[in-house]
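For reference, the structure is listed below as structure tokens.
The chains carry the letters A, B, C, D, E and F, assigned in the order they are written, with residues numbered from 1 in each.
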Amino acid sequence: MFHHSSKLQYTVKVDTPDPQFAKLLQQAIGGVEGEIRVAMQYFFQAMGARGDDKYRDMLMMTATEELSHIEFLGHAVALNLEGAPVTAKEEAAKDPLVNAILGGMNPRHLLSSGLSAMPVNANGVPFDMSHVYATGNLAADMMANAMAEGSGRVLASRLYNATEDAGMKDMLSFLIARDTMHQQQWLAVIEELGGMQATLPIPNSTPENHEATEHSYYFLNTSLDRPTPQGRWTSGPSLDGRSQFSVKDKPEPEGQVPSLGKARPNSGAQKEQM
Amino acid sequence: MFHHSSKLQYTVKVDTPDPQFAKLLQQAIGGVEGEIRVAMQYFFQAMGARGDDKYRDMLMMTATEELSHIEFLGHAVALNLEGAPVTAKEEAAKDPLVNAILGGMNPRHLLSSGLSAMPVNANGVPFDMSHVYATGNLAADMMANAMAEGSGRVLASRLYNATEDAGMKDMLSFLIARDTMHQQQWLAVIEELGGMQATLPIPNSTPENHEATEHSYYFLNTSLDRPTPQGRWTSGPSLDGRSQFSVKDKPEPEGQVPSLGKARPNSGAQKEQM
Amino acid sequence: MFHHSSKLQYTVKVDTPDPQFAKLLQQAIGGVEGEIRVAMQYFFQAMGARGDDKYRDMLMMTATEELSHIEFLGHAVALNLEGAPVTAKEEAAKDPLVNAILGGMNPRHLLSSGLSAMPVNANGVPFDMSHVYATGNLAADMMANAMAEGSGRVLASRLYNATEDAGMKDMLSFLIARDTMHQQQWLAVIEELGGMQATLPIPNSTPENHEATEHSYYFLNTSLDRPTPQGRWTSGPSLDGRSQFSVKDKPEPEGQVPSLGKARPNSGAQKEQM
Amino acid sequence: MFHHSSKLQYTVKVDTPDPQFAKLLQQAIGGVEGEIRVAMQYFFQAMGARGDDKYRDMLMMTATEELSHIEFLGHAVALNLEGAPVTAKEEAAKDPLVNAILGGMNPRHLLSSGLSAMPVNANGVPFDMSHVYATGNLAADMMANAMAEGSGRVLASRLYNATEDAGMKDMLSFLIARDTMHQQQWLAVIEELGGMQATLPIPNSTPENHEATEHSYYFLNTSLDRPTPQGRWTSGPSLDGRSQFSVKDKPEPEGQVPSLGKARPNSGAQKEQM
Amino acid sequence: MFHHSSKLQYTVKVDTPDPQFAKLLQQAIGGVEGEIRVAMQYFFQAMGARGDDKYRDMLMMTATEELSHIEFLGHAVALNLEGAPVTAKEEAAKDPLVNAILGGMNPRHLLSSGLSAMPVNANGVPFDMSHVYATGNLAADMMANAMAEGSGRVLASRLYNATEDAGMKDMLSFLIARDTMHQQQWLAVIEELGGMQATLPIPNSTPENHEATEHSYYFLNTSLDRPTPQGRWTSGPSLDGRSQFSVKDKPEPEGQVPSLGKARPNSGAQKEQM
Amino acid sequence: MFHHSSKLQYTVKVDTPDPQFAKLLQQAIGGVEGEIRVAMQYFFQAMGARGDDKYRDMLMMTATEELSHIEFLGHAVALNLEGAPVTAKEEAAKDPLVNAILGGMNPRHLLSSGLSAMPVNANGVPFDMSHVYATGNLAADMMANAMAEGSGRVLASRLYNATEDAGMKDMLSFLIARDTMHQQQWLAVIEELGGMQATLPIPNSTPENHEATEHSYYFLNTSLDRPTPQGRWTSGPSLDGRSQFSVKDKPEPEGQVPSLGKARPNSGAQKEQM
């Protein structure tokens, strides 16, 4: 069960409201790199967690934290929209250049939300829940979480660079910090479970006879004119310690030429296809 | 530039066509765990790759392979739909129980595609390209790729279990194998770049003074009644080697109580809000 | 069956074409507060109306009116796009500041629609029909309609403020007026059916023994640190006249700690979860 | 800031797991009538609330409760999926009729989530956040909330009817009860603000000279062959007390025949249009 | 302006209600091949029509007809849902095989719409308005319309085959007939404008010096192992009469190897990319 | 199976990077008129092609070419983003007017992709695969392809006009040329199959007794006040040569007044509907 306390997890101060930055901040709320995504992803993973209950607890605790991130970011968006012009007259009275810049705000902040945050990204595209990745496989989920936090910290760093507002920089430095922890937290689960060697390939419970292992460890060079890029993935032991990496260069197809033959009567095709 | 040869990358045989399994296979084509996603994700990452060109090459080569996976899976869907009833009369002539089972096929395989594959998932929801994760950050992208291949191999393993058809099991064992390689391939890039220690936190180019580092290494226990789940993430050196993990239990909010005050005139609010 | 006459329901005049305002107007066509939504919502409600046929008639009549609103708004968008620059040369010849402002138009008005209206909102996001709310329950549908018209009039008022064009203000004052009527029209159905007391709770046909009525009339204060906000909802008779409002403060969870136990073999989980 | 306690808000018991019912229950989680919607809607409304802070508090408190509803419904889905067949062999061993019925489960519960809840509706369509209605206008938002709870209780009642499982009926009776309260709670705000008379038309702050009031109080009969359906909306005082309802029958268009004239050169039209 | 008369454009009779067929019929309402699409497509094309006003009229007249098609199909869906079980008890009382078949109905017809039509396709995916193709180019739009009606008649034919109900077959034979007319109607516009020779390439107003015409008339064989499929497109005069078709076999790339070089500081990339 | 060579199909040069033009170019990648659409559409049509295998080959060859178009357009987007400001400080140092113009770039090019192409349109809306039209009917698919290429060439012509950059104009002139060929290529299939007369109505395999042919050849004038627009579609032989066009003016509805009667108990309706 969830509870709430009235203060924000972290102080939000905006020195100079900036409606364009409000638009950019939306990416951190409703973008695929944003906080709705991680809050809901950890929440659904927690609800589906099977095995040691400590992972369920861990997921739910951090899901709860991410809800608090949505909350302070939402407040930051609203504060950046303070003072944005709500009438054409008001706008016209201002420096025309300012108007041009305001032309870059999300018009739905004015028309739809009444100068407050929305669950959309920086293009105004609503977040959709297909981005909540929760597979029921602990390792796959940890990877999904590390990915989400990695792209989240990339975003927060770019937002930090995109503003000169001291209050916003302070808030974003907190977000950058928490994304640091969360990246490591999920990867630490993989470490604890034995690292790559024990974890891979995901799922590690697939019986070996379900796998055509002769195809499991070669890098396929599908280029007609480029040499194989050499690296950790082209030779040496595989990360799971079960085999050796190798290379298959300019591969020949191993399958048949596909053909479906004639269309059947009553299947809605043209006569010429039958 | 792309080229094509007429044979499939791998042989596709269906011993007993099964329209319901055709529906399930769609998840491997148009699901978020599927092949359109990885083909397009690696393709867009390659187009945006900056730094050592070998990663661009590697991404494009595997993008090309994934296009070939779409191709043989698409053929598998069509073969599973061979013989599905196209008229009510035809269906009624069969065992009523068979009908009931056929009730479980995707009706759009009949109505919309003429008994062939569609770019949709097992629920018939079309793939949407917001799932193509490509950040311009190499490490974040490698995580996204490992995540995609992890969930892809989970899916392929579940599909393997969901059929008794020898041809389909053979094809899926190939897919399971390639997903094994691809998981490792992307994680091997991270290994090559120095592993977790050098890679984390993503992006590793964020200046330390952009980060409130006092918040970077504690696990936040937001539960009112559960002890902190102990693990690799609660104590010991952080994975990036820069600090020590710790725990913050039952945290107090650090921010203010948010309040936006009165609504402005002409902002479309109710009078009572002004 | 539908019919059409060639004149618009209301005169549309644009004194000074404004491509940026064309973008804003799109919200009234293809936004969730817009006319496609209400036209289709009332249309589908009418098709599913059960009970007294007069509600079906009423819904279909207003659905038909809303189609006419789409039509004149679509014309308004096209007139606002008259004269927008279609070549870079043409644009460069103008005042650079004007260009900057034009930078705020929807580029797809130029690239995709050839300077005319599209079924998208002010961010260019296409309307999707999941916003057509039609439950088969008359009272729930009337609430949905009052909601749509309420947010529609909020939008029309904001658009009215966002333009200085006399023609557009005239057209919007008509839209504001019709939204006034439509709000009241749907709420008047509820009045006619006996008002809140007879209508609530929706659906009023749910047998009382399907409801854990001991939980039906208290306000739940889930905050750890805020007093319950007192009001009409915390004491006094409930709006349906069946009970008294009360408050449950700082509630204890009443359920169990959820746990799903081990993952099953062959379910695609990691070995450690089994 | 959010907090969590480990027990569910309400006990969840499933006597006989039923994978088909799990699919149906998804509508209450990820459907437009479901709990993600209300949780997020109240949360975003709270973040944008201007005026008396007690409404912000009220919204946040109930948002928090709705998060707890997602949680126990998610557990209910997982419990209904216990024992669903994960292999074709397992399935074939059972009564073929049972298989047919299982054909009705959501295949992604097996393939994608590992037998747990997903943020999708009963058709497997992911929830998208465009359904979070938050306008910044208190009355419009209260209508949106009453609408959401009205359709939510309709859904919960239908789900109650659709199961014979005592545990599920008990859980749903709690949900029905809370939806009763929440419907009333939001409408009670409108009562407190003076009821329809003071609240309508929404927004009540639009200056009267922005409205073509001669069009504000007639019902428009757009039918060519049906009499106007008489009711509270065709005569008598308007709900806002400002005027009298009337009827406009078989209305004549008041606007012009629209015509856009020739297409401009370089606009991508056919030559014949220029 | 739109008007309505109370009778349906065509009689709808359902001899034996069939909830599964109701699900299939949804494709003709809310599918990409369905009636909402064509109604809205012709409507938006009409609103953007430039040039001879007779095309605007023609488009609006047929848009209006398509609205009437939505209406009778919506009624057909509701009639097919008559008698579908609304309680588990009711369902259990019936033949278990019937239940299994009913397992194939769209559950949202029960849970969300109260046994009536929805603006969704046969998978329950809502129609989205991005499928309204309206370019402002008359010939491109006519092609889009012929395409829509072509796929629409394919769908109607498949639905005809998928039912044994005489009433439904009668209604569908009407739909098949109207799709015949509408296909021809739009292509007749192209004939009237001079056929392929005058119309192609679309847009025919693009100045020839905007086109690298040396690339305009060869078929590109990108296959490594297949001969060029010979046909009308490989030799002989081009359809626009401006040139001759030819073939380019096993083409060499004409462009450069792309490379983006190093990532810039502060761009959120990893250090190793800079 | 697919292969790749490292050079682009066509040279991409950008003389003056322009982040706003990068946004516009996205329409040609991820718009409905763009290259992802045609690549995937031809690919899925090829996988479902039944009848003469030469059409499958043709489709796959052009699908492969379109993948190469995505690739060079993706490079063009990245080159246009070179030098876009990544920090607020950098931006502030520049001419404020330039900033205003940059306000028109897609912020996600900065925040999400790290200055490279994304699979989205000019509004930042991700491409969704429901736009991949593949019916299994050869003629319907050829129409869909001609439509896609027609709107594609309209878009490329508009983009050509929207830039003054010589390199971009050169690249677009190539795209315009290939769209010329592809339009003709698909229509040439229809010519080869006997032209309109043999092809129409699509599908030409629908038995004539499935069609209410008395409704197949009249134009329906649904306008109350406009004369029928005369043209090739109102008189003379139908395009399929089977009949004569005629006109039905001011049509009377032929169907019944729909009515669904009372709602059933337990169906979630209000009591008053029962």
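Here is the rule we go by: contacts are C-beta pairs under 8 Å (C-beta built on N, C-alpha and C of every residue); 3 or more make two chains touch, one makes a residue touch a chain.
For each chain, UniProt lists the protein as follows: A, B, C, D, E, F = Manganese catalase family protein.
Nothing here was measured: the structure is a model prediction, and the numbers come from that model.
Trainee: Would you mind naming the chains that touch chain E and likewise touch chain F?
Mentor: Neighbours common to chain E and chain F are A, B, C, D.
Trainee: Among the chains, which is located farthest from chain C on the basis of C-alpha centroids?
Mentor: For chain C, the chain whose C-alpha mean is farthest off is B.
Trainee: Based on CA centres, what chain would you say lies at the far end from chain A?
Mentor: The most distant chain relative to chain A turns out to be E.
Trainee: How many angstrom lie between the CA centroids of chain D and chain E, rounded to a whole number?
Mentor: 29
Trainee: Chain A to chain B: how many Å between their CA centres?
Mentor: 11
Trainee: What is the distance, in whole Å, between the centres of chain B and chain C, each centre taken as the mean of its C-alpha atoms?
Mentor: Between these chains, centre-to-centre, one finds 32 Å.
Trainee: Give the residues of chain C touching no fewer than two other chains, as numbers and ranges.
Mentor: If we look for residues of chain C contacting two or more partner chains, we find 1-9, 32-33, 47-48, 50, 57, 60-61, 64-65, 68, 71, 75, 78, 86-87, 97, 100, 103-104, 112, 114-116, 120, 123-126, 128, 130, 135-137, 139, 154-155, 157-158, 161, 202-203, 205-206, 222-224, 226, 251, 253, 255, 258, 260, 263, 266-269.
Trainee: For the complex, which residues does chain F have touching chain E?
Mentor: 3, 5-12, 32-33, 54-55, 57-58, 60-62, 64-65, 68, 71-72, 75, 78, 86-87, 90, 114-116, 125, 128, 130-131, 133, 135-137, 139-140, 143-144, 146-147, 149-151, 153-154, 157, 160, 169-170, 172-174, 176-181, 183-185, 187-189, 191-192, 196, 200-203, 205-206, 210-224, 226, 229-233, 238-240, 245, 251, 253-258, 260, 263-264, 266-269
Trainee: Quick one: in the complex, what on chain E touches chain D?
Mentor: Chain E reaches chain D through residues 1-7, 47-53, 56, 86-89, 92, 96-97, 99-100, 103-104, 106-108, 110-112, 114, 120, 123-126, 135-139, 193, 199, 202-206.
Trainee: Touching residues of chain D toward chain A in the complex: what are they?
Mentor: It is residues 1-9, 30, 36, 40, 43-44, 47-48, 50, 57, 60-61, 63-65, 67-68, 70-71, 74-75, 78, 112-120, 126-130, 132, 134-137 of chain D that touch chain A.
Trainee: Taking the touch rule as given, give the residues of chain F at its contact with chain D in the complex, in rising order.
Mentor: Residues 154-155, 157-158, 161, 266-268.
Trainee: Per the contact definition, I'd like the list of chain B residues that touch chain D in the complex.
Mentor: Touching chain D: residues 20, 23-24, 27, 31-33, 97, 100-101, 103-104, 121-125, 154-155, 158-159, 161-164, 222-226, 251, 253, 255, 258-263, 265, 267-274 of chain B.
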